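Shared between the two complexes below is subunit A, which pairs with subunit B and subunit C, respectively.
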Partner chain A sequence: MSLDIVITPEANNGKRISIAGSLDSNTAPQLQQSIDNEISDSVTATIIDFNGLDFLSSAGLRVIFKAKKLMDGNGGKFLLVNLQPQIKKVFEIIKALDGMNVFKDQEEMDEYLAAMQDKVKEGE
Partner chain B sequence: MKIKSSQSLASRLSLWIVSLAIVIFTSVITTNNYLSRALLDDYVDKLARAATSSTVDKIESVFDRAESSADSLASVVAIAGTTEDEVHKAIKSLLPINAQTFGMSVALEPHSLLDTVADFAPYYYKKGEALIYENLATDDYDYRNQFWYSETKKINAPLWSDPYFDEGGGNVQMITYSKPIYHSVTKEFAGIATADIKLAWLDKIADEIKVGRTGYGYIISRNDIVIAHPDRSLNMKNLADVVSDDIKPEDWQKYLDSKSSSASVSLKVPCPYQEGNCRVAIESLANTGWKVIVVSPEQDYLSDINRLTRNISYVAASGIIILFLVIMVVTHRLTSPLSNLALATKDIGAGNLDAALPDAIRRDEIGALTEDFSSMRSALKTYIKEVRTATAKQQKLESEIQIAKDIQMSMIPQYGNAFIDSDEFQLYALLRPARTVGGDLYYFQQTDKSLHFILGDVSDKGVPAALFMAKTVTLYTRALRDKLSPGETFTMMNDILAENNDACMFVTALCGSIELKTGSIVMSNAGHMDPIIRDPVDTRAQEIKGATALGLMDAIDYPDIEFRLEHDTSLIMYTDGISEAHDVDNKQYSDERLIELISSIESSNSEDIGHKIIDSVDNFAGGDTEQFDDITLLIIRYH
Partner chain C sequence: MQGTRSIRLQNKKEDAIKLADFLHSCATTYKIPDSAYNDLRLVLEEVFINIASYAYDKDDIQMISVDLNDIDDGINITFTDTGVAFDPLSYTYDDMESADHSEGGMGIHIIRSLTDHQHYHRAGQSNVFTVTKHYTKHNKE
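== the complex of A and B ==
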């Protein structure tokens, strides 16, 4: 099975990486390549959109974690959205959801982002 | 591929061009033949008419002179008071003037011009140089009852007789022109002046009519009697006897009747004596009403045209043969490098990259092809060399990995396939990497009172996973040495693995230790799937609460989970190479299926259970597909 990657810009210099198909040891290097190319220091938020992803292996998880580490290092946000049940289960098994910003859908994520925005304004 | 000579470019090109040439030549020859025939028709028509006209002119000039002689004689005699002597003298003086005139006479009415004479008819004719006199005024002859006299008198106009055989005079075929004489004073009919013409010369004129090779002509009288014909036996015969039986006489007559005017006519009829059509031209003589008929068979000219056509055809055929040969030679010369190239291709295809290529000296497409072919060969050589180098490198790498595999397997008990059957427990362990080396691991160690074990799965597979696995196993052995509890073991391992882990490699693992005397067990879970417990009552997943997989973040405390294994209970641990194995439809094997399978196995022997599980997963994945992920299975049965 193959992996389709679509990258779209988001507000405030964010990037949305939409993945569909199978993210396994064969396709993980593709996603790694896309992340290396697209996620520069100036990117403030990376959203991984799992809508359409059917399978996620440990090799794929590794790439996700690496991307999170990169964003954490830059002080940017790392958000996961539209996880289907079987994908979410993979995260649950390795108990990796703690400390991850995971949203079940777009709406939930938008609310979170709006709240964050307000926080920033209050801070000013 | 072998090319049949009939399918070669040369043959096909020749076939096309030669066929086209044949079509063109045939069209030209056919058109030429057709136009020639049309021209011929016109030409023959003119020829026949010309022959007719000239013949008519020849004959008429003779007749005209005879007429003028007789007319002069009549005028001379008509003067009143003429004497017998003067008449004799007039005849004798006029007769020699015209060479064609054979004889002349004056025949008078009784007591007309010569009061005293009743019958007067002197006649002179030529015999050699001399003029012979004959008196026609005899009782036997009775000249006034002769046709030439009585008819002329009756119509009261000059008259040409039909041809007749003159027995009295010259004993020859002749015709006579009769001219009425009128008294110069009284203007009354006084007699006839005649001029005879022998017809023998007409034969000569008929003989002289020549059109083409076999064309001929003849002369007929106004009553359709043949007067002069090249075939003398036909003279004096009726026209109907002359034309062949092929033509119906009435048809012939119809032509003649419809064309009896003095102007020349020309018509096309089937030839009387031979095959094909004949052009027939007919022209009447003004004074006698005779007709000159010229027959010209088209065959005479057709044979010329046919010969012309034949000769052109020969030339065309020779041209086509030469064309064919030239095309064959030229295309063969053009394509022979292609054949050589084809042979060379075969050689190169068979692996002989040094096969000789034809010289690329030509500046045409074939030359360019040969050049390109040559550079393709060089590129192939380079490529093959690169492939060989790469293959050699690959082989080296593979042998290195093979060694790495040996090292990796030596790091786990019994090289990845263990079975221990002791008084207290049975242990079955299997590690089968998807590639030569992998990231799965198991380890166990029995101490005085306990059995310690770990089963883990490093993220991804292959060499990176194998290196991380080695580190993991080493750390576990260190934890065993330091006698750490399972929770402490993971806490220690996680802190070390998370350090400088930029690649974000991680390990999910279960570890534990069983107190062999009591069955009391302590386990810890680092992000791994729960183990399956099979006891005499049922088979189920045993939840082991734990924390995140090892290596992702540091400073995590992993709890120790304690419980008891009853007697005759198996603890089954596995990696996702089993639960996530795919079938051909991309469906996963799943934990549920695994639990169902284990519960259905009758034997409680760990090795049996292990083999059944592996067989089931292999069947599910299908024999042909490559193993999806590393597979590790660890089964411990507490007796």
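== the complex of A and C ==
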């Protein structure tokens, strides 16, 4: 029951944090460390990619919501993608999906990001 | 039915891993279906971490017992610790939707949501917390 974390750059100074395995009370500090190291004020969007995550406890949720708070404070975007059914269920139990940008897969998220970029262009 | 199986753990959060392994080792014998297994794994983690984090002083290493009791239509799980008296059911957010999820407090809400019955009592110097989950046992061998 370990957690694998992979950080990859995204367009426009975004970051993708891909997590796989178990995000629980024993592994949550690892994710917190990665977020502390990687998410600076200059990061415009943080994507948490849950593909491969099969267990999520409240300790893991706390880290996710702290990261959201950080991004909200910076005026950046916070996006969740590829939630497996058992992971989505945990978010639903704590009634936390409203007000979150949650996408079932990459395609749905890409559509959203493209629409957001179009909006920015229109505003220019 | 397969009776009761028990494990004794220390109040260290690392022991949550032993508890998850223990559930895994019981799953086949107890005929726990996959969906209930996932829920129970989360419930065990939440209850255990709650006790390990708050029942004792930081450096006071004590034992926590967890009993899995196979019943006709599901399972009873009892946690017993000798820490400070605390009823986890007394603590819950009234409104989860507007709660600050980064501040915690979600564990007991998850436990209530994923089990059918919860009961706490203080027995002498022990906290005894039992959760019940109902399910139809699978027929896999």
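Just so we're on the same page, the second predicted complex is superposed on the first by the 124 of 124 C-alpha atoms of A that agree within 3 Å, B and C clash if a C-alpha of one lies under 4 Å from a C-alpha of the other, contacts with A are read in each partner's own complex, and residues count from 1 in each chain.
Throughout what follows, a contact is a pair of C-beta atoms (placed from the backbone, for glycine too) under 8 Å apart; a residue touches a chain by one contact, two chains touch by 3 or more.
All values derive from a computational prediction rather than experimental measurement.
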Q | Fit or clash - subunit C, subunit B, common subunit A | A | clash
Q. Which holds for A:Lys95: it touches subunit B only (first), subunit C only (second), both, or neither?
A. both
Q: Considering only the touch criterion stated at the top, classify A:Asn26 as touching first (subunit B), second (subunit C), both, or neither.
A: second
Q) When the two structures are overlaid on chain A, which partner does A:Phe65 contact: first (subunit B), second (subunit C), both, or neither? A) both
Q: Name the contact category of A:Tyr112: first (subunit B only), second (subunit C only), both, or neither.
A: neither
**Q.** Contacts on subunit A seen with subunit B and repeated with subunit C across the two complexes
**A.** 1, 25, 55, 57-59, 61-62, 65-66, 69, 93-96, 98
Q.
So in the complex, the part of subunit A that touches subunit B is made up of which residues?
A. 1, 25, 28, 55, 57-59, 61-63, 65-66, 69, 93-96, 98-99
Q | subunit B to subunit A touching residues, read off their complex | A | 457-462, 502-506, 508, 527-529, 546-549, 552-553, 576, 580, 586, 629
Q: Would you mind writing out the residues of subunit A in touch with subunit C in their complex?
A: 1, 24-26, 55-59, 61-62, 65-66, 68-69, 86, 90, 93-96, 98
Q. What does subunit C use to touch subunit A in their complex?
A. 13-14, 16-17, 20, 38, 41-42, 45-46, 49, 96-97, 99-104, 106-107, 109-110, 113-114
